[in-house]
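Chain lettering (A, B and C) follows the sequence in which the chains are written, and residue indices restart at 1 in each chain.
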Amino acid sequence: MEAIDLRRDFRSRSGVRRTSRTVEAVKGVSFAIEPGELFGLLGPNGAGKTTTIKMLITLLLPTSGTARVLGRDVVDDVREVRRRIGYVFGGDRGLYERLSGLDNLRYFSELYGVAPRDQRRRIAELLELVGLTGRERERVEGYSRGMRQRLHIARGLLHDPEVLFLDEPSIGIDPVGARELRATIGALRDQGKTVLLTTHYMFEADELCDRIAVIRAGEIVASGTPAELKRRVSGARVVEVETFGVSDEAVAGLRELSGVESVVVEERDQSRMLIIRCAPDAEVTQPVLARLEGTGVGRVSTREPTLEDAYVELVSGE
Amino acid sequence: MTAALRQLAVCYRLQLRALSTSWFDGPLAIFFPLMFATAALLVYRIHGDEAAMQYAGLGAAVMGMWTCQGVVASSLLQRERWAGTLELVVVAPVSLARVLIPMTSAMATIGIYCVVVTVLWERWVFDLPLQVESWPWFVVSLLMAAATLSLFGYFLSVTVVRYRSSWSLGAALEYPGWLLCGFLVPVDLLPDWLHPLSWAIPTTWAMAAVREAAAGTSPVRDLGVCLVIGVAYAVLAAWLGRRLLESARRHATLALT
Amino acid sequence: MTSLRIFFVGGLMSYRAMFNWLSPWILIPSMVVSPICQVLLFAYIGRSAGVGSDAFYVIGNALNYAAIPCLFAMGATIQGERDGHTLGVVLTSPARRLPLFLGRALPVVVNGWGVAMVGVLAGTLLLGVRIPGSAWPGLLVVVVAASASCTGLGLAMGALALRVRESAVLGNVLFCLLLVFSGVNVARADLPPWMGHVGGWLPLSHAIEAARGVAAGSGLGDVSGLLVRELGVGAIYTAAGLLLLSYFEDESRRRATLERT
């Protein structure tokens, strides 16, 4: 699958005089995914992940640029693309509440062209795969979110697509359910399927994906294997300073200190946490505290950077 | 070909199951039109004219179908959107027509149920057993009414979905339909300029066929016209549906609630 | 003085808040097109059956449809207060509760009156119904009385809906009952006796009779008895509604049921 310079603008009209605004949701996104790869599109809410996926699954027309899935163009070859892809999205919606899980699968297997003689076997296999065997005759309205999500995955796999698109599948799921979900997704890759996963959970991307692209405000700001991304921040150290009421000028001043590579501010309930990345050998704690003279300072600690730091840094544009 | 038929059949069966499990879309859907039918019959009852009562009774029987199908169908796509399933059925490799027609047909089945309930109600409350000369033609006409109404419903759902509050527009169709299709008032009594509107609705012709079957005359001509009009709506709806989807792809309107 | 302010301003505020989400696409079909269609439908049924004059059906159905906003708006107001978690506040606020709730009722009554007028005007224009100019003031008064007493019914229904929770169903059922029992399309004298009897205890019955009398030329004085009975029926339902509300409020303080979704 490949995307070449995909763009998507949205025109929204608001107000009494219907003034229109153009929002560039996706600004020139390009990437390529190898067969059998589990590719992660990682980014905060509103970054353009869902829009990108919708362009690839033929639900949206790109404003410009091209994309090909399994060699077929998403704009021209719509039916061929749809036959070979599966689409799974997170959340509560997307199923017929008043039907049982089994009926939902039967319904969608008809729509997605699963041969009648294969349906029963396939549905049973998939229920087994996602761990819903025994619950399939209950109505979906009684399912927990984790169960719905697993039913979604089963639905997405009914017609045995070569490529699977998972749009934030673990959103709103409890930790245990999410872990089972990740195990299922990992198993898919082991079966040889190509998977594009979007998420804003960084650890999920780290655990599951062969390669990750970080997307922010419609553009890809970094891509590579999880190890490569971590290396971008390794060899550095991170100093965390808990402050109460630090001013933005003080933060700006900190950035100018020698040895400081970046400062990210995290808002907590009562305090603002400064996450300062500095060069491996630099001793910045004292100069930082000196600069923060007059501001209330709580805990100060030093640690090794994690992938999360890399991610936060990338998406906040520091 | 058989695959397509099987798909339509299975989807129809499952949609019917979904509809009948809800009180509103199933059993209670008949209540509102039934009450209006009762009110109308109370008016006809005053003079005690047997023929007029039969006329109104037949019309009232089919009236419920218009509500259960025609009106409800207009919010069909809207409800798919709310349920989040609209995107999934659009991404499926079948045409929108093959998705919507089973749904409107399931509604048609509910429509037939409405007819039965009304007939029983009339017998029980008004002591009005319906006199039907030719039962086979009667049944055929009713089925034709249901079938063409489901095609008309398909057309309505595709036309109205652009508007966020399509359910309200659909609800507003209820009374006009009762007036125009000749259920309780002969179409001839209506002002001349309304007649073309009446004739454009397949149900008007189906209703006429039902009356002819009850009277013993041949309903074939009216059934033919009904079928042709119904199919025309279906073709129009298929074309509109394709254009709708294209526009949705361009302007990203599918996911909006 | 404060009571009066609460009455007018508070009522208008909550009414506007509730209708905030209603666009013209919803309002026009339901409050303009539908009443006109109902009037036309039964006028033609009357013509087809050879029963009653056009004016008979115009007045009956216009008033019947006026009940719709009264039934639903009160229910929606109460539901809206509950959804916004302000119902408890409203019921226990130091401002005197009677003017508070009656204030919320006023815009609803005006709404009902508006819908009725649309129906009557449509009948006059489209069917050629003639209502003498002298009758109009009396007609307006009768319609206001009808809307007020339907609002009382709406209040009782809205209170009930707090527990039963299916206010849309209740509203539709009540509307249909009014249609069949209140002499909307059939004079109560022509209904089976038990139905006429039930109708006497429902809003609209007396108002419709009064309105028909006024349209035929009687003065307001002649129909005053009917008007009193109409307002009386409305008052009974209003009282029942307020009693139910304060009962639920007391009960909720003991069992926290008011806020339960």
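Worth pointing out:
Just so it is clear, contacts are C-beta pairs under 8 Å (C-beta built on N, C-alpha and C of every residue); 3 or more make two chains touch, one makes a residue touch a chain.
Note that this is a predicted model, so its numbers are computed, not measured.
Chain centroids computed from C-alpha atoms place B closest to the centre of all protein C-alpha atoms shown. When chain centres are defined as mean Cα coordinates, A lies farthest from chain B.
A straight line joining the Cα centres of chain B and chain C is 31 Å long. Taking each chain's centre as the mean of its C-alpha atoms, chain A lies 53 Å from chain C. Chain A and chain B have CA centres that are 45 Å apart.
Interface residues of chain B facing chain A in the complex, by the touch rule stated above, are 3, 6-7, 10-11, 14, 17-18, 21-22, 82-85, 87-94, 99, 249-252, 254-255. Chain C meets chain B in the complex at residues 23, 25-26, 29-30, 33-34, 37-38, 40-42, 44-52, 169, 172-173, 176-177, 179-180, 184-186, 190-191. Chain A makes touch with chain B in their complex at residues 10-11, 54, 57-61, 79, 82-83, 85, 87, 89, 91-99, 103, 106-108, 110-113, 116, 139, 155. Here chain B touches chain C in the complex through residues 24, 28, 31-32, 35-36, 38-40, 42-44, 46-47, 49, 52, 56, 163-165, 168-169, 171-172, 174-176, 178-179, 184-186, 189-190, going by the rule given at the top.
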